[in-house]
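Can you read through this structure? Questions will come right after.
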Amino acid sequence: MKILVIHGPNLNLLGIRERHIYGTKDISFVNECIKKEAEKLKIEVEIFQSNSEGSIIDKIHEAMDDKNIIIINAGAYTHYSYAIRDAIASTRIPTIEVHLSNIHAREEFRSKSVIAPVCVGQISGFSYHSYLLALKAAAEIEF
Amino acid sequence: MKILVIHGPNLNLLGIRERHIYGTKDISFVNECIKKEAEKLKIEVEIFQSNSEGSIIDKIHEAMDDKNIIIINAGAYTHYSYAIRDAIASTRIPTIEVHLSNIHAREEFRSKSVIAPVCVGQISGFSYHSYLLALKAAAEIEF
Amino acid sequence: MKILVIHGPNLNLLGIRERHIYGTKDISFVNECIKKEAEKLKIEVEIFQSNSEGSIIDKIHEAMDDKNIIIINAGAYTHYSYAIRDAIASTRIPTIEVHLSNIHAREEFRSKSVIAPVCVGQISGFSYHSYLLALKAAAEIEF
Amino acid sequence: MKILVIHGPNLNLLGIRERHIYGTKDISFVNECIKKEAEKLKIEVEIFQSNSEGSIIDKIHEAMDDKNIIIINAGAYTHYSYAIRDAIASTRIPTIEVHLSNIHAREEFRSKSVIAPVCVGQISGFSYHSYLLALKAAAEIEF
Amino acid sequence: MKILVIHGPNLNLLGIRERHIYGTKDISFVNECIKKEAEKLKIEVEIFQSNSEGSIIDKIHEAMDDKNIIIINAGAYTHYSYAIRDAIASTRIPTIEVHLSNIHAREEFRSKSVIAPVCVGQISGFSYHSYLLALKAAAEIEF
Amino acid sequence: MKILVIHGPNLNLLGIRERHIYGTKDISFVNECIKKEAEKLKIEVEIFQSNSEGSIIDKIHEAMDDKNIIIINAGAYTHYSYAIRDAIASTRIPTIEVHLSNIHAREEFRSKSVIAPVCVGQISGFSYHSYLLALKAAAEIEF
Amino acid sequence: MKILVIHGPNLNLLGIRERHIYGTKDISFVNECIKKEAEKLKIEVEIFQSNSEGSIIDKIHEAMDDKNIIIINAGAYTHYSYAIRDAIASTRIPTIEVHLSNIHAREEFRSKSVIAPVCVGQISGFSYHSYLLALKAAAEIEF
Amino acid sequence: MKILVIHGPNLNLLGIRERHIYGTKDISFVNECIKKEAEKLKIEVEIFQSNSEGSIIDKIHEAMDDKNIIIINAGAYTHYSYAIRDAIASTRIPTIEVHLSNIHAREEFRSKSVIAPVCVGQISGFSYHSYLLALKAAAEIEF
Amino acid sequence: MKILVIHGPNLNLLGIRERHIYGTKDISFVNECIKKEAEKLKIEVEIFQSNSEGSIIDKIHEAMDDKNIIIINAGAYTHYSYAIRDAIASTRIPTIEVHLSNIHAREEFRSKSVIAPVCVGQISGFSYHSYLLALKAAAEIEF
Amino acid sequence: MKILVIHGPNLNLLGIRERHIYGTKDISFVNECIKKEAEKLKIEVEIFQSNSEGSIIDKIHEAMDDKNIIIINAGAYTHYSYAIRDAIASTRIPTIEVHLSNIHAREEFRSKSVIAPVCVGQISGFSYHSYLLALKAAAEIEF
Amino acid sequence: MKILVIHGPNLNLLGIRERHIYGTKDISFVNECIKKEAEKLKIEVEIFQSNSEGSIIDKIHEAMDDKNIIIINAGAYTHYSYAIRDAIASTRIPTIEVHLSNIHAREEFRSKSVIAPVCVGQISGFSYHSYLLALKAAAEIEF
Amino acid sequence: MKILVIHGPNLNLLGIRERHIYGTKDISFVNECIKKEAEKLKIEVEIFQSNSEGSIIDKIHEAMDDKNIIIINAGAYTHYSYAIRDAIASTRIPTIEVHLSNIHAREEFRSKSVIAPVCVGQISGFSYHSYLLALKAAAEIEF
């Protein structure tokens, strides 16, 4: 099993800024956790971070070559990127939407996910564990 | 760690009917999975299914004796049972809301959860794995 | 052909109270009529009454074993029990909704049936004859 | 005179949780007070607590055998149980609605009582004394 | 303990007319009951009836001299007398609002009480016993 | 036949002030006309004027002793005195509402009569003849 | 020059209660100030306080005998007494509306004066000095 | 005590035109009255009239040098001059708003005062006496 | 007959700027035309231009000394100067409102004239001929 | 004539996925058709695909060097990319908007094109023929 | 290069009052800064402050004689002076609008600038530096 | 002091197209000006242009290494890029928003800036000088 984990815009700053919202763990720590968890689960994992909508779409397309599942935290693109939505829908790779914080408990514009309707499920509000739970879901579930 | 897993109304039919929505696994299979997962995680788990709102409330109350966490799929009661909401709020046991299917991608009346405001998080759309993921979250995260 | 007839909450009081609305015939008289009609139509009939939402759901589930059709008067649950609705939808047994009085001609809150969308039809306002008409419909129509 | 006192859902937790809203007295203390008051008033009292809508309805029906009056705190069912409303209306046993707190001074959804129109009166906002006052009303008033 | 009981406009006709709404007991009978109950509870009671808004306000003011609690049935003034509301608010004497009939089950204009926000509680629908219950509440509860 | 004629607030000033609205005849002239008309119709008439809402209610109550009909011009109380409305409703004496001017053709606030729903009819806009017409109605019609 | 000063409902409690709104001076102090000011201005002043709408109307009518001006603080009646408004309009005695506090800076229902359209002017927000200023206005101005 | 009295636009025509609204006294008469009154009250008074918004603002600024209080009749500027409002707010000199006529009983656009929120009080409807009353208020009240 | 012609703010720039809107004729040319036309009509004319709201008001006041009619182009003050409106209303000199361009065919804010209600008429859109037409109107019509 | 054909995000997946919406022809087939059509029409054509908003903008800019017309299918960017809109507007190269499916007959969010206002026309719903029709339009029409 | 800097109403009080909004620097300090900056930039600068709308318009007109650019902080006139707007538009002298504070972050009425549409640009929120930046803009830019 | 200047989408076309809106200077000229100005102000400046939202976010992140201030013209991204907004908010580097043209005087959709709430100020409408002014502001003001 091969999984692509996508961190969307600004997630490279994780743990450095706005810790009161996103927690104190930085992106490398989170990535370490993801890798360890993947190893444990015998999943081959590729982690990709980009602040670019187009690169995220390219990456989603590439995933058709050899990935079974996508785990995506689309950051602010969650709220307006119909292009990422279309990418997910086109590739038909089962995609799990994750969020560090509870997106329904923040600013109004963050309460709408335009990608949710094309994802298999959503894990929201468990900090970086949201990724780990998604990995486990990917490891165990046949989508 | 002791966890109570609650299956709400109609979940006993799991895997028998409406497989296109809820999957092909039946409730005993799901429960076996839950038990195995719990054993692996060294969690003592109690599983409870009822079609009755009152019995679900009773069970939530009993959980105060010796449970650390509740995992609940309240089925259709999710959408109108203020009594179950009050039960969760009264006991103050950290509660994870799970759903087999994505509740936001179905009929309008399913898009509102009256219990969400008193739960710690939501895992939605992973079939019976939603329960297993909740167990893992319970095992690893300190609420 | 085997049919399950379900009397919902408070219908055990039929003919004893509120006769101006529901008529003077008690539940045993109604049940006698149902049985005679069924015999005439060569239908095997089982009659069940409960005031509990959960028990009604349980019974609907059991019907999957050997019933072809359900005739249900869900009483006040008609107006808010999405859980009974889900039970009917899950079992996929053709279900006929009946009411003694015309629910559309009474208090505002009685004008909405949440189970109607998953039933094959509704017969309302013919006193206990509503049940008999439903039996006839079941006998003659291929659902 | 025989009276049935019904405590609805979650009232068994009285005095244990959410004391800032419902006070510090637990359900057994309240029941003791009710019993003593009943004894003083030469009323035979039966106290019933259930978290189940169906059991509450059953109990209301049973009350027709030998109860003269019902005192009910329907908890969260107050706001949506048309089935309990119908049970009260069907049995025609004079019923007094009580509330510990002022239901009009809390969350919006608690400001509506669907059972009020079929009750003889309402006593609201006197903590557990609301029950005692209802007992006194029952003892002295010919409904 | 000294209590002032105020009967508002038209309550002097009690038991004479509209018996289907207010019962068959006349005002002197009601007052006798109030006095007896007060004696039993060792409460010194003063009863006052007036059809005049101004006289009711005067009486509320006088109560500051020696009364601990006011029990008021403000009749139709309940619905528009901001002057009586101001009187209650000014004197700061704990005040219990009583009604013979259930004000929420009658004409629309009776469903609003402009004095409720400045009262400690409400007893509604027990005919003249509403007064007696208020007396008992006053005797037993520390406001 | 005995009739009570009630002049409400400010009608004692009739003919003295605001003649452009209410005409030039003073209250004693109007009363003379009422008395003559009554004599002609063989009606025994009692005329009463008060500026006090409470006194008008008192008088309506007294009318129960020996009056068959009430004719009332409630002045400005017409627009907000639910207490006078209740007084009329309580006594159940057939009551005719009269106004000197057309209350519907003046300031907005004068277009609503809260006593109208409990009166047998309304005669408005005929100056002091409104009273005389009411007397004639009382003499000829069996209420 | 003879002036009638009217204190409306609850103003007899001035300085005793709710001092944060109305100031610490009691009604007798205010009346002393009014009398002294009147003496200084060679005005014959009559001070009248009533909590009764009817008595206030009567007093306004009586003022026609010998008063040149009315100064009125109608208290809560300001907001709904069309009868007091009509009394002022009928007598045509120049009337000055005074308020201790700024009526536009409090609860919504206090922001509307139904008597303002028939008064010559309004002095609002100067505590008890509002009355003294009105006296001075009366002494010096020819209305 | 030094007071600045400001007459806004068109007030120099006072007493010459529109006497039915503003009275028959001309501006010099009014100013004489103001000066006499000030002398009596041992107030040093400076009177200023301008039709120019800017000159009024200049004058308000100058008042910071030696004035304790400002009395302003801003004429039509009352309704739109946010610049005069800012001037009053900036200088923080206690300011009394006066109007010759009752601004609430005329054209709709006159019912809004943009300067009211930064003034200590309002005297309205007493012709030129509004100024004299304001002087007296200034002399007697400690702002 | 003596007429005052008032050019409001920015009209001194006429013919110099924004010629596409206001034409190519400068203010002295326009004034020459006005004077010639006046001579022809045997009207004594005084022409006044100011950019100051206050000075325009002052001039309108002065016109009371010896002018029969005012012709005013109030420029942008047309849209918000209630003070100029009051000046015109106060002096009661018949006033004709003129505009070079059609104010109703330009920006939204120019479509409202607050001085129109106190003017005898409006001539708009005829370039400098608007003034000449107003002169002719003044000569021929008896206001 | 030189034309640039732009395929926006996800169009590289054409014919591989979601064939029920976009048809079974893949991007290379479509490109072949475009090239053949162009040859027939004697148009020199360059075809470009990118998932990146920024790269599409870059390409539009480059087109200024030697292209006469742009044909663009902006995919999901159609609905929110004001940046692509500005790119088209800046270059002023006549641009034809094409869509494979009828964007007005699908999800609500697809019914709005923010680039339409700066394009010369739109061809929508003819599968890959939309591109061919655009080529023909470009060949025949002088923009 | 000659520049006119206009300070609108109340800006002469800068630094004296309301320092929490406008900063602690007074108008002479600001003017010194402006002069020094102008000298450095070899700009001849004239600074003008007026509280008068008319004087500001006059000054804008005069600027046509020898000024190349106007820098204006119109204070409260910003929000309603269409006359200043017309003056700027008429003279066609390039005008820069400046504000000390961010006008969009204060009271609602301050969020609209009626002069913005006729200005070349706006510098907002840099305290007195807004003027200096405008000077630099004026020095370097050819409008 | 080290400053990052960001040119958003389409700004590379500056001076080539739409010169009536954005001026005739091209991007390299603008960059030369920025560099010279920076040199003069002893600011180390880095200039970056991208049509890609993601690259702009990357650059904002990099700025955390060694930049003190960001000057950004986000072009059309100004109106919808919550991802750029989040980038600015995350890095917490003081950011000045600049625009070549006056964004409030163009199409409706350009009047909203989603990045404004996280910027320190806005300079709008001075063509490429907006950047230079921002540089100066950065050099002189302590944020």
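As written, the chains take the letters A, B, C, D, E, F, G, H, I, J, K and L, and residue 1 is the first residue of each chain.
One rule holds in what follows: contacts are C-beta pairs under 8 Å (C-beta built on N, C-alpha and C of every residue); 3 or more make two chains touch, one makes a residue touch a chain.
A quick note: this is a predicted structure, and the numbers were derived from the prediction, not measured.
Each step here moves to a touching chain, and the least such steps from chain B to chain G number 3.
If you take chain B and chain E together, the chains in touch with both are D. Chain F and chain K carry the same sequence, and matching their CA atoms takes a turn of 165 degrees, rounded to a multiple of 5. Separation between the centroids of chain A and chain H, computed from CA atoms only, is 67 Å.
If each chain is reduced to the centroid of its CA atoms, chain E and chain J end up 79 Å from each other. Chain centres here are Cα averages; for chain C and chain L they lie 70 Å apart.
Taking the mean of the C-alpha atoms as each chain's centre, chain F and chain H sit 49 Å apart. Along chain K, residues 52-55, 80 each make contact with two or more other chains. Applying the touch criterion to all chain pairs gives A-B, A-J, A-L, B-C, B-D, C-D, D-E, E-F, E-G, F-G, G-H, H-I, H-K, I-K, J-L, K-L.
Interface residues of chain B facing chain C in the complex, by the touch rule stated above, are 8-10, 12-13, 16-18, 50-55, 75-77, 79-80, 109. Residue ranges on chain H touching chain K, taken from their complex, read 52-55, 57-58, 61, 80-83, 85-87, 89-92.
If you check the complex, the residues on chain B that touch chain A are 102, 104-105, 120-127, 129-130, 132-133, 136-137, 140-141.
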